[in-house]
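Below you will find the structure I want to go over with you.
Letters are used for the chains, namely A, B, C, D and E, taken in the order the chains are written, and counting of residues starts over at 1 for each.
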Amino acid sequence: MSMLSKTIALATGALIVAATLNAPVQAQDATGQQLYPLFTYRTGPYAPSFIPFGAGNIDYLRYVNEVEGGVNGVKILVQECETAYTIERGIECYERYKNGFNGALTAAVYPHSSGLDVALTDKARADKIPIVSPGGGQNIATDGRVFPYQFPLIFDYWSEAQIIVDYIAQQVGGYEKLKGVKIATLYHDSGYGRDTIEPLGILSKKYGFEDIQIPVPHPGEQQQAQWQQIRRAGADWVFLRGWGVMTPVAIKTAARVGFPADRIIGDIWSGSEDDARPAGVAAKGYLAVSVFPPGTDYGIIKTLKEKIVDQGKSDLKDNSKFGTVYYNYGVIEAITFVEALRTGQQKFGNRPLTAEEGQWALENLNIDQKRIIELGAEGLISPLKTTIDNHKGETIAAKIIQWNGESWNTRTDWIKADSTLFADVIKAKAAAYAAEKGITPREAASN
Amino acid sequence: MAYFFETLIAGLFAGLMYGLVAIGFVLIYKASGVFNFAQGAMVFLAALVFVTLVEHGIHFWVAFAATSALMVLTAVAIEALVLRPLRNRDPLTLFMATLGLSFVIDGATQFFLGTDVHMLDVGIDDIADDYGGLFISRFDIIASLIVIALVAVLAIVFSKTRMGVSLRAVADDTLAAQSIGIRLPVIWRIVWSVAGIVALVAGLLWGARQGVQYSLSLVTLKALPVLIIGGFSSIPGAITGGLFVGAGEALADIYLGPLVGGSVSTWFAYILAVAFLLVRPAGLFGDRDIERV
Amino acid sequence: MTHEKAGFLEVRNVEALYGQAILAVHDVSLKVGEGNIVALLGANGAGKSTTLKAISNLLGPARGRVSKGDILWRDEQINDLSASKLVARGIVQVLEGRHVFQQLTVEENILSGAFVRKLSRNALRESLEQVYTWFPYLKQKRKIKAGLTSGGEQQMVAIGRALMTKPRLVLLDEPSMGLAPIVVQEIFEILRGLNRGSGVSFLLAEQNANLALKYADHGYILEMGRVALSGTAEELRARDDVHDFYLGGAKPSVPH
Amino acid sequence: MTTLQDTVPETGPTASIVTNPAVLRLALVLTSIVVAFGVVPAIATDYWLSSIIIPTIVMGLAGISLNLLQGYAGLVSLGSAAFMSVGVFSAYNLILRAPALPLPVVLVLAGLTAAGVGIFFGLPALRIKGFYLGASTLGAQFFFQWLFTNYPWFSNNSQSLTISAPRLEFFGYDLQSPVGRYLLVVTVTALLIGFAFLVVKSRLGREWMAIRDMETAASVLGVRVASRKLQAYAISSFFLGITGVLWGFAYLGTADAHTYNLDKSFQVLFIVLIGGTATIFGNFLGAAFIVLTPILLDHLVLSANIAYLSDQGAITNLQRVIFGAIIIFILIKEPDGLSAWTRRGAEALRARLKT
Amino acid sequence: MASLLELSNVSLSFRGVTALNALSLTVARSEICALIGPNGAGKSSLLNVINGVYRADAGDIVFDGARFEAIRPGKAARLGIGRTFQHNALFRRLTARENVLAGLSRHGGACFIENVFRFGRDRKERNDFAARADRVIAFLGLDTVRDRIVSTLSYGTQKRVDLARALVSEPKLLLLDEPMAGMNQDEKKEMSRVIAEINRTFGTTIVLIEHDVGIVLGLAHHIVVLDYGRKVADGAPEAIRNDPNVIAAYLGTVH
């Protein structure tokens, strides 16, 4: 008897929990809309970068919904899910929204975390849901034959290494002058940070510069020893691959050991206002790679200012973040999503896309210069064209920006990475992965 | 050799900062017998409140006073809501409670003040001067002087004032302290307040260097090995332990790191601490009790 | 001195528990008259310490509590007053095993007793000098860490520290424990002096019955957490069954 | 001989159960098996399996692992996640480098590797006690996080140093689906619970508890305290190693050093404290609390419909405050953890049934 | 081979406070030796030195023909020294029976894997342990409380569980630290009867601490009086009874 009562009590409890968990499903019906599950990390150490990023994302989608009346009439339903930048919470979010929400369909998932991107690889393959990580995906997933559902759009760290070397070559007067130049890479000691060791090794062999690799342990609030090492090694340039607090500390410590800020080039995650500003005067002249150029002069950004921000409809709480690196990054990401929907709708009709259709759309994306101008995004994004064996985009480019003590200024035009240079290495890695996992790659010419 | 010394000196300066954070732990450990995991959250809270006030145009010292007052309020609240109900409970429970407390504090801090990274200018230039071939930052020197002054003030307070003697009495023998009428709740409130103000100073010095942001609260993890080496109940120990860890980490990163292909400072301090424990189980300055049966 | 004034300290039917269930004191009633020395006798584990801590409200740290009965101080119920408030009202306990602050100097130890009184600097000095006149040894050792002094000195420090609170009643737990007879003798003489000179009352828990009854006016004998016998010191000294209760009732009683 | 308790009335709960304990226990076990292997996979949705049930079970198992060490043997560990990571990385490398090994063997070997590591980091327990001991295990926490990021060999040189779960199969039976992964988790968990019961009911478990309750007395009785402590670290780490594999392979589908960070160790610690020390099933209550609380708070906010495009950050920070407050509250009100609730409930019920 | 235990010139101090001062003592086989003296005289410290809980600063110990400067508690147990405690040192969250079973630890030979999976030596050991424990539980009249958690038992019963736990391993030497503390006269008499019976039945040598001189005089064959860490008197009960030093030390100075 006591067992029975206990079971009843437990079952009741479970039912209450279940009811609560399923409760939001009873909210208003959203059939006919396209779901955009927005994976947020508004808490935790990386929250400062997410907040403007999320706002850029939301503002652009709001603009599409409210000003343009949706994507060919299809409204986008944004549903936030907080991951706190943990994989566990991210997986819960993925499971919660992978099959849509209240009738709105899921066409793609943007996990907003490299770790989560990897974690979702197998699940997405099984669920046939595309995982899109602009600027932060897995480099081997460029090979869409092995990774049909991963889209590491726009950028990768290997290309970044190339762009850095390219820029330094420009500064020293050509590739041939690189011989003997000392380039120190100060990296966050993590998978992300270590990712440029291999390409820089290859590049250093090719061009003859001296490649110095120095790790900084997480979170990186003490770097005196590392910078002394850099100074002692007589480095000419520092490639700063920081993350979070590591970046401002690096810039400050550099100033302390007398290393000039305009010889430090930050990585794309070291190149936001929040990276430079806390370093104060020490950051003046600091350079960074930017795939998401900051600024408010781009057409679409101006439009957003007029139609969203000035109308009080922006997600930003602090309007000084408008037009910052992360805000613009959010806008760019949202553009990729909307453009993918448009691409898909051309083939499947003007209705919400399913995940399979989303996969096709992402694989056949083509945002060319003409479209970029139409979008009012000239200078904000470089052309993006994906194919089955290039899920990243055929041309990878970035700008170098410089901090003037107050804000970022663009210093160069797009610097394009030579996509052929590492293509074989990456293909080989993808093939090895396929072998390890027992995956048969798709044929490149299947579409 | 100059390189060695520079690394060593840099390590020692960093260590002094670790020591500063560790002092907050020592104070609380002496009074309440708990390793206060929320100390890092308190550093974050203090620094963020201060910087927010300053950004709103409030004068440095006014902001300092206001933040100190907030830290005192926090201490009073912690005493009433956490410590008093958990009196006479085992240390692990108390530790877990401070873990919970750290969630409450840093959650509330970010809830009210946001998660932005703030620059904090305390008016000291972080520029290296050349001292006979050794580059030492002016900021480091001034920060060290502040730490030394703070330690001196605390030392005087502990040896000369009634509060100080009471605190030492509580740390030494809580029951006896109660028997002569010393009120634990009062001591707790005072000590947590002082620890809060130490957290503020630490927050300002750390925040000036790395910006005021969430990762300030991670200093807790740096403080633990410092305390193990120095002993949980000794302020000179906290400073010495800090210097040990700071110097050890810096040197290990330079000389041991390349051998194993990476930075070692994340765990080096802990291994150092465990090695210390095995040799001196009560730390450098701690005292060990004899178990009676 | 044996005259007992009503309404000083009275303990009525007190029961004390440790944890949830362990009964340490079953039913203890006793009285201390103003100016009296009262001895609480009994074997180890009879409940002497618990009774004292119940009065001074120091059971809490050992997870104990008074579960029944009343403790009255000058006709006011004081069961729930904190130790600190009790000290302010004149009841102070000297704990068993001395419990000096080992890391503090002798002088700091003694001074710490006066904190509850919030004295001026001069008044504090005066009180301190007063304690030094009672325990002249301690003055020589004032700068030494208390943990490094001898057992007898520590006991004096503990008593001196308690006296700094200007108590009307001192609860003294086993002052003779672990001390040489000569030292114990000395301490008891000082206590008697204090009692006669300043009218401070003492409730002392002792195993050393002969000694305690020599100095006390009144005695209670505890057994198994109950008062088994009570009376004036003279009566108790005269009774044979005191030895039964205290030394055990086996036939071959120790001759004296 | 006459006994003393004639004069001493004994009160308090007895260790035995009023109703026939054997029957009750058997019924409980059978019901559990039917529910776990029949009912749950039949009715639970993918979402429930993948994001609630599996993590709750695995975290509960982590709680059991730590409870063996902390609740039964009275030793402290702040580095549970480190031993979990050792488990998952060894399993990954075993499968990678010896593909012929069947999954159960891999699990056991991964557990044994973790056990070896546990013994090593438990060595300081022979010299130091209590909270200080936490430092050594915390050292393990940071050391392994460093090791697995610093030596890409462990993750087979994958780009982000992240390992991706191998195909899970058991004698050709595919376990990739949510139900498959659930069955794997629940089977392993059931076996380990059985193992845990054997351990705590054995002489080993008894001597652990003796050391926990009174170490000096235990050593005076001839309990080999040093080796018992190391065995506690070994067995706890063995469990944690397997738990780590399940967490990485059956739940996340991936693992990297960061997955098993200090937060995870603290979560395991919370599970033990919230669920109750020295219990086996209490850990699942603790785990459910840890896994469900954030999700529930999230859903409550969502269903109140204030979250739509409002500041999720503020809400999450609020959740953090609430979560912290709940932990403090439980520590204050329920020193014995949530399992005391069910125990009390059951006792009250039994008392009512008896009258 | 008359003596089982011999201590010579054992000294011990804590932080400068002397607990034992050059103490020498001989305990004969199969005798009951009582240590008496005021609180703090060093009696418990002496027991703690004998079974290795404390390490003496000087002096040595000969037990059963083997000489030690210091001995570890586990080693002492394995040599056959059993022990009860003055303050409650039971495993408070275990049942009475589990406490007694834990007392058999020194007889366990099976490795932990055998223990856990209940095979090999463990099987025999389990039965053997159970039988021994049940025998001692019956002998000490603890049957009715055998499955109770000890922290819920009364003080006197807990003392008996402690005794059972020490006795079950059949020690050669049994150290009893105030086995009758906190008991009333009837209980004390009962307990001393049990102790005498143990001594008689198993021939166990017993060293015990007790304050109740009356009981001790009736129970012990040999009494050692300690005061202030020193031995004040040593001899048969009759001799002790009349020793003026003892009266002074134990009852305090009488005027």
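The rule is short, and it goes like this: a residue touches a chain if its C-beta (ideal position, glycine included) is under 8 Å from a C-beta of that chain, and two chains touch if they have at least 3 such contacts.
All of these numbers come straight from a predicted model, not from anything done at the bench.
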> Does B-D or B-C have the larger number of C-beta pairs in contact?
Replying inline: B-D
> What chain lies farthest away from chain B once each centre is taken as the mean of the Cα atoms?
Replying inline: E
> So what's the Cα centroid distance for chain D and chain E, whole Å?
Replying inline: 40
>> Report the inter-centroid distance (CA atoms only) between chain C and chain E in whole Å.
In response: 31
> Counting in whole Å, what is the centre-to-centre distance of chain A and chain B, each centre being its mean C-alpha position?
Replying inline: 36
>> For chain C, give me the residues that contact two or more of the other chains.
In response: 21, 102
> Could you say which residues in chain B touch two or more other chains, in rising order?
Replying inline: 107, 110, 114-115, 262-264, 266, 293
> For chain E, what residues touch not just one other chain but two or more?
Replying inline: 15, 53, 85, 89, 152
> Can you list the chain B residues touching chain A in their complex?
Replying inline: 3, 6-7, 10-11, 13-14, 107, 110, 114-121, 126-128, 135, 137, 139, 206, 209-215, 218-219, 249-251, 253-254, 257, 262-266
> Along chain A, where are the residues that touch chain B in the complex?
Replying inline: 42-45, 47-48, 51, 189, 215-219, 221-222, 224-226, 228-229, 232, 244-245, 248-249, 252, 255-258, 274, 277-280, 282, 317-318
> Touching chain C in the complex: which residues of chain E?
Replying inline: 15-17, 38-41, 151-152, 155, 178, 181-185, 188, 211-215, 217-218, 228, 237, 241-242, 247-255
> What part of chain D is in contact with chain E in the complex they form?
Replying inline: 1-5, 7-8, 10-16, 195, 198-199, 202-204, 206-207, 209-210, 212-214, 216-225, 227-228, 231, 278
>> With touch defined as at the start, can you tell me which chain B residues reach chain C in the complex?
In response: 87-88, 162, 165-166, 168-169, 171-183, 287
